[in-house]
Amino acid sequence: MAYYQSKPAAGRHFLQIPGPTNVPDRVLRAMDNPTMDHRGPDFGKLGASILAKVKQVFKTQSHVIIYPASGTGAWEAALVNTLSPGDRVLMSETGWFASLWREMAERLQLRPEFLQGDWRSGADPAAIEAYLRGDKGHEIKAVCVVHNETSTGCTSRIDEVRKAIDAAGHPALLLVDTISSLGSIDYRHDEWGVDVTVAGSQKGLMLPPGLSFNAVSAKALKASETAKLPRSFWDWKPMIAANATGFFPYTPATNMLYALDAAVDMLLEEGLDNVFHRHDRHAEATRRAVRAWGLEIQCDEPRHYSSSLTAVRVPEGNSANALRAAILEKFNMSLGNGLGQLNDRVFRIGHLGDFNDLALMGTLSGVEMGLRVAGVPHRPEGVRAAMDYLAGNA
Amino acid sequence: MAYYQSKPAAGRHFLQIPGPTNVPDRVLRAMDNPTMDHRGPDFGKLGASILAKVKQVFKTQSHVIIYPASGTGAWEAALVNTLSPGDRVLMSETGWFASLWREMAERLQLRPEFLQGDWRSGADPAAIEAYLRGDKGHEIKAVCVVHNETSTGCTSRIDEVRKAIDAAGHPALLLVDTISSLGSIDYRHDEWGVDVTVAGSQKGLMLPPGLSFNAVSAKALKASETAKLPRSFWDWKPMIAANATGFFPYTPATNMLYALDAAVDMLLEEGLDNVFHRHDRHAEATRRAVRAWGLEIQCDEPRHYSSSLTAVRVPEGNSANALRAAILEKFNMSLGNGLGQLNDRVFRIGHLGDFNDLALMGTLSGVEMGLRVAGVPHRPEGVRAAMDYLAGNA
Amino acid sequence: MAYYQSKPAAGRHFLQIPGPTNVPDRVLRAMDNPTMDHRGPDFGKLGASILAKVKQVFKTQSHVIIYPASGTGAWEAALVNTLSPGDRVLMSETGWFASLWREMAERLQLRPEFLQGDWRSGADPAAIEAYLRGDKGHEIKAVCVVHNETSTGCTSRIDEVRKAIDAAGHPALLLVDTISSLGSIDYRHDEWGVDVTVAGSQKGLMLPPGLSFNAVSAKALKASETAKLPRSFWDWKPMIAANATGFFPYTPATNMLYALDAAVDMLLEEGLDNVFHRHDRHAEATRRAVRAWGLEIQCDEPRHYSSSLTAVRVPEGNSANALRAAILEKFNMSLGNGLGQLNDRVFRIGHLGDFNDLALMGTLSGVEMGLRVAGVPHRPEGVRAAMDYLAGNA
Amino acid sequence: MAYYQSKPAAGRHFLQIPGPTNVPDRVLRAMDNPTMDHRGPDFGKLGASILAKVKQVFKTQSHVIIYPASGTGAWEAALVNTLSPGDRVLMSETGWFASLWREMAERLQLRPEFLQGDWRSGADPAAIEAYLRGDKGHEIKAVCVVHNETSTGCTSRIDEVRKAIDAAGHPALLLVDTISSLGSIDYRHDEWGVDVTVAGSQKGLMLPPGLSFNAVSAKALKASETAKLPRSFWDWKPMIAANATGFFPYTPATNMLYALDAAVDMLLEEGLDNVFHRHDRHAEATRRAVRAWGLEIQCDEPRHYSSSLTAVRVPEGNSANALRAAILEKFNMSLGNGLGQLNDRVFRIGHLGDFNDLALMGTLSGVEMGLRVAGVPHRPEGVRAAMDYLAGNA
């Protein structure tokens, strides 16, 4: 057994949490190369190449900062580079990760204001617009939205949020968390007027965790000049300065950059539109399976369905955690747990990253067999429904 | 895309030919270690350890020879070490690989005699017994049987073959090809009185191709003393001499030995009986799927069903090759082709090696969707039948 | 050529900067394993095991925090967890990295006070004691010392610094940067009464960059309860809470943890004392080579000689950077550059991490041949002097 | 420690036997990719590409056969494809490997005739010519020469052997073993009129052992049509037929082919002439070191000096094996042992494959320190002499 396994388990583990995702061999093998001198001339060439390519994934011409840190750090970076202690920020309660971001804002001495949500849809642009219209003095400095709420499987319409802010005539910055959407669901930093895009390596980018990102608009950059929150590690300024020649102000995570280089190549070779279409297709197949099982999709707003994961509600009186444990035990598959108020109420199927039809069918088969083994009431029709859709659209 | 792919393909390829099988990461990573001095003291320790462990897989106390060559070479080794030009050997026509072995025997200037078969069952012990009884002069020097006929999915009962030879009171050696059974289907070199067991690395042993094996009885060893076929590379004698201290008479395939070491550890950690039970279970689930589709299993003798692969007949008027091509194109899965007279008539599903329930379900889903896409008449009930079985026996 | 090389270069690059160091294959191969579910039960076991083992490397019974971030972040973590805006901190100007740490403190709105140094020795305990005695009101909240100054090759005596603080009867916390010493030079978090030890993965720990550490005393932990600097990503509290069961409060750098697990095993298998002795030996051999070349060691206090790197001054009128460029061009070896005021005046030889006698001799040969190629005046006796020492102490 | 080590050993082992050589990371990582379907369409493309590229390394337009077997097998293949039982073959006793080849010929029922040699030079073209002139009846069917005798470090002049055969007007085939020269020392299959070139993967080709090669002239191919030695695994005919579309007649060593693909790319990127020049340079530096030590080079014919290894004689009364053991124990370096009559009299330094100046200097330093540690009389001037040469020709 692998040294991190507690018992032998033949075959490949199905890692179907909504991230970290299954890292492709090509990416693992890129990472498994000798570490190089991060101040030498070859590094500068590699760094410049990676920084240029990664912008295509964010669909931005502006700066993309790469942190040698996991995704939570990029949230912090977005806040400390643009805001000052006591600043008001508007956040939409889309779910657990939105709530965590709010807690972070509080710990960083900001004053988050939370547009309440029921964790079953994405952010409400109308509510944002109304709230901002009420802020006559423009005290709210930033609007923070989670693009794809990994806890619920709801994707907010960032283009509509942008329009809402504009309609309110409000100058707040727009900060967006794309940790579980970038590289899986269409996202357009420049076109949608996002000021800071927060991203991580371990989902659609198909890397292990350990890198995170800020894509930064000119407006955000300007805000950083006067932002007063103390910052050093996360500071954009020395990053941007050093990045100009392909270098970093402090030691980067060299081998993760190798992996990033390989992963971005893979996304661009497949073509971003093809990547998004593939995720849409797998998400639709999954939802058809869920409905065929007679189970309920946590996201109840079809326009907000996530293409990277599907959160599924178990019927009252059943335990989602017991179901997941049975599936792990019997079928060697990890599914995402319900977070916060959804604990034990939902399980989450990740269908993002380096993924294909047959891996999806293995996944959905594991769920369907798990429902049976765990005694969760359902109709055993989900796998068939998914196959009907996939084969009908092959 | 990987450099050996002709177009980008997201996710992991499903390699469901009946070998080479999906090599576990642990084995690949073992192989990806620096090559060492094959004459140095550490090598001797490693070699001795591997040679000892591998015997457990063959269930023998006798010698196991490891060749730095692929499986076909081990066939040749079995013949040239035990036989002389012009020797008569008895072979059972179980399918394509039995036929290839016969051709090899002819090319090596032996005189193979072929017990005709219909490629739908394993070797017939009664026919062997009858034939040997007819050989009053004991001119037949060896009986060659393919344990698991990879072209048909029929597994011969080697214990019964042994009894047949004994019942005939015939001194012929028993040579058995276990290339696609060893490490997947129960096999007992010593208990079944096999004289030479032929094996390869790339199936149940979960390695890439490039190593092959002869397990050798005392009787076979004695035969080798007088066997006259010219031999050098394949000669057991210098192998056995050098192996005594863990070394090899010429340069071994060092990195493949690393891989073998890891793979045998995996088999022994899981437990051979558990490994065999796992294969039996996946084979049964597969057969249930085939029947539910309304298709025919090539092996028509249930006592000979193979646990490592299932060959499936397509209905008359349909092309198995077109089906396989569609599945490769649409679902990124390789299935085994029909060989020889079965070309285009069967496709073969490999369910051996490092494999588990969900990978099997991905595989069977791919077949079921492929049948639909390729327009092969079938009932779309196979995946469901397999899940019923697997979940009912989880 | 490797994709990160600008031209083909046969053989293995000699990465002899003072970190990142040459990552052993075993560590790279551990990292090159599938990412696992960081919330699943197997992860908890792995995490608990790693957290326990890594304490042995810090020689502490207290908490060791592991950040999914590179070393600079661990500096920041040490400050923001223990201090409040406007706090005075005492720092010793040992070189470039001490200066960077001071800059960070300023950016984080602390008030660093700098005991001036000449970059040719470690911290001066007497000066620290005198300064602290002058701080009657105990306004200085922390003393920050770089254990091994990577820019100069001077190792401060942390035990003496501890005694100096105690002798002054001062309650300041002691924060120590061991980024380029941990796992290479003896270090004792508990015995020396250090409050926060800052460490990184990419030097003596033999990993790629991307993990960093805080070892935390009870006193530091208590200070963190009242420290007012905003913090979230770096906050010890949720880390310690989650670590209790082997988990992390946000996504850890899973594959780097695999690598850490392997690397710590390697250190403990070799034995920490053997590891330190090996580094001492290579450092002494290097210094003998430098003296034999007739060049000057940047560290002019023998009690402060570093065992992980040696900074070498080039004679006036010569360019250390031109020398390094020639060595990179002609001999495929990276050496460390002079930092800050030492730019172009010194080059730095890293002899730490996964390193042995012959790799050192390749390194010193490269320097000696480089001196010749670059026209730097020297006696070609350094390699011989190093061999005399190594062979005399083999 | 690595699982194949008997005790912890920091740093990278110096594998300086004359093969297997140090496999580059790029090659190991290529090998560490999932095994693919060897009958699928992508394999055909890969196979065709590899078969085409590898011809450039042999400098041939003719067929190159790739065996999934180690080098000894390619010797056997050369003989059994071209010769018949009882055929006379002429061999030059250049050393241990020539002797082994002769033994093989005997075991294969050929009649080798051996031109005696003293193991201190390559084959003698004049002696070959004279011998062939004496064979009026042209009964000698093949002349077998080891291009680079790995046991002695003598390289035969194949161009001169060709001329000798021609001068004798003799039709014998010319079979040449290039196992330890191909990819290291200039070799021209077509231009030099070689009929069968025998090669292996684990030396200049920089792969692990496990692949071997026959480059085959039209004349050899014609001879194979009437050759009577039994053959099957080694038979060229089905190989050439299958290779036409990039496939193989039986399962190839897929992952080794990945490695070969990467290795040949590396050789061609560096440029074969540059590769040869690099080897010449390291060989010259090594010989200068040997002479400076006051030791004797086994090869006493400068025109036959090998560029891939140097065999060094220890002074009478000293043990080469004790020296090698001391170097392994103290300096973690493997050197080649003396073979046959040279056992304990010589040690062999491999300086071939993926190798560079500093690795050579580490190697030579290890020898020089080892001579001292083992008490072998010498002048400690070898490393200096090598550096003088390398730096003077940088």
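Which chain is which? They are A, B, C and D, in the order written, and residues in each are numbered from 1.
By our rule, contacts are C-beta pairs under 8 Å (C-beta built on N, C-alpha and C of every residue); 3 or more make two chains touch, one makes a residue touch a chain.
In UniProt terms, the chains line up like this: A, B, C, D = Aminotransferase class V-fold PLP-dependent enzyme.
From a predicted model like this one, the values you see are computed outputs, not experimental measurements.
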Chain pair repeating A-D, as identified from B-C, C-D or B-D when over half of the contact pairs by residue number coincide: B-C
Between the pairs B-C and A-C, the one where more C-beta pairs touch: A-C
Mean-CA-position distance for chain B and chain A (Å): 45
Centre distance in Å when chain B and chain C are each reduced to the mean of their C-alpha atoms: 53
Distance between chain centroids, defined by C-alpha means - chain A, chain C (Å): 34
Where chain B touches two or more other chains, by residue: 2, 12, 22, 25, 29, 32-34
Chain C residues touching chain A - in the complex, by the definition given at the top: 2-6, 12-13, 15, 17, 19-23, 28-43, 45-46, 67-73, 75-76, 80, 85, 103-104, 107-109, 200, 202, 208-210, 229-233, 235, 250-256, 258, 261, 328, 334, 337
List of chain C residues in touch with chain D within their complex: 1-2, 8-12, 14, 22, 24-26, 32, 266, 269-271, 274-275, 278, 330-333, 354-359, 361-363, 365-366, 368-369, 372-373, 380, 383-384, 387, 390-391, 394
Chain A-touching residues of chain D, taken from the complex the two chains share: 25, 29, 32-34
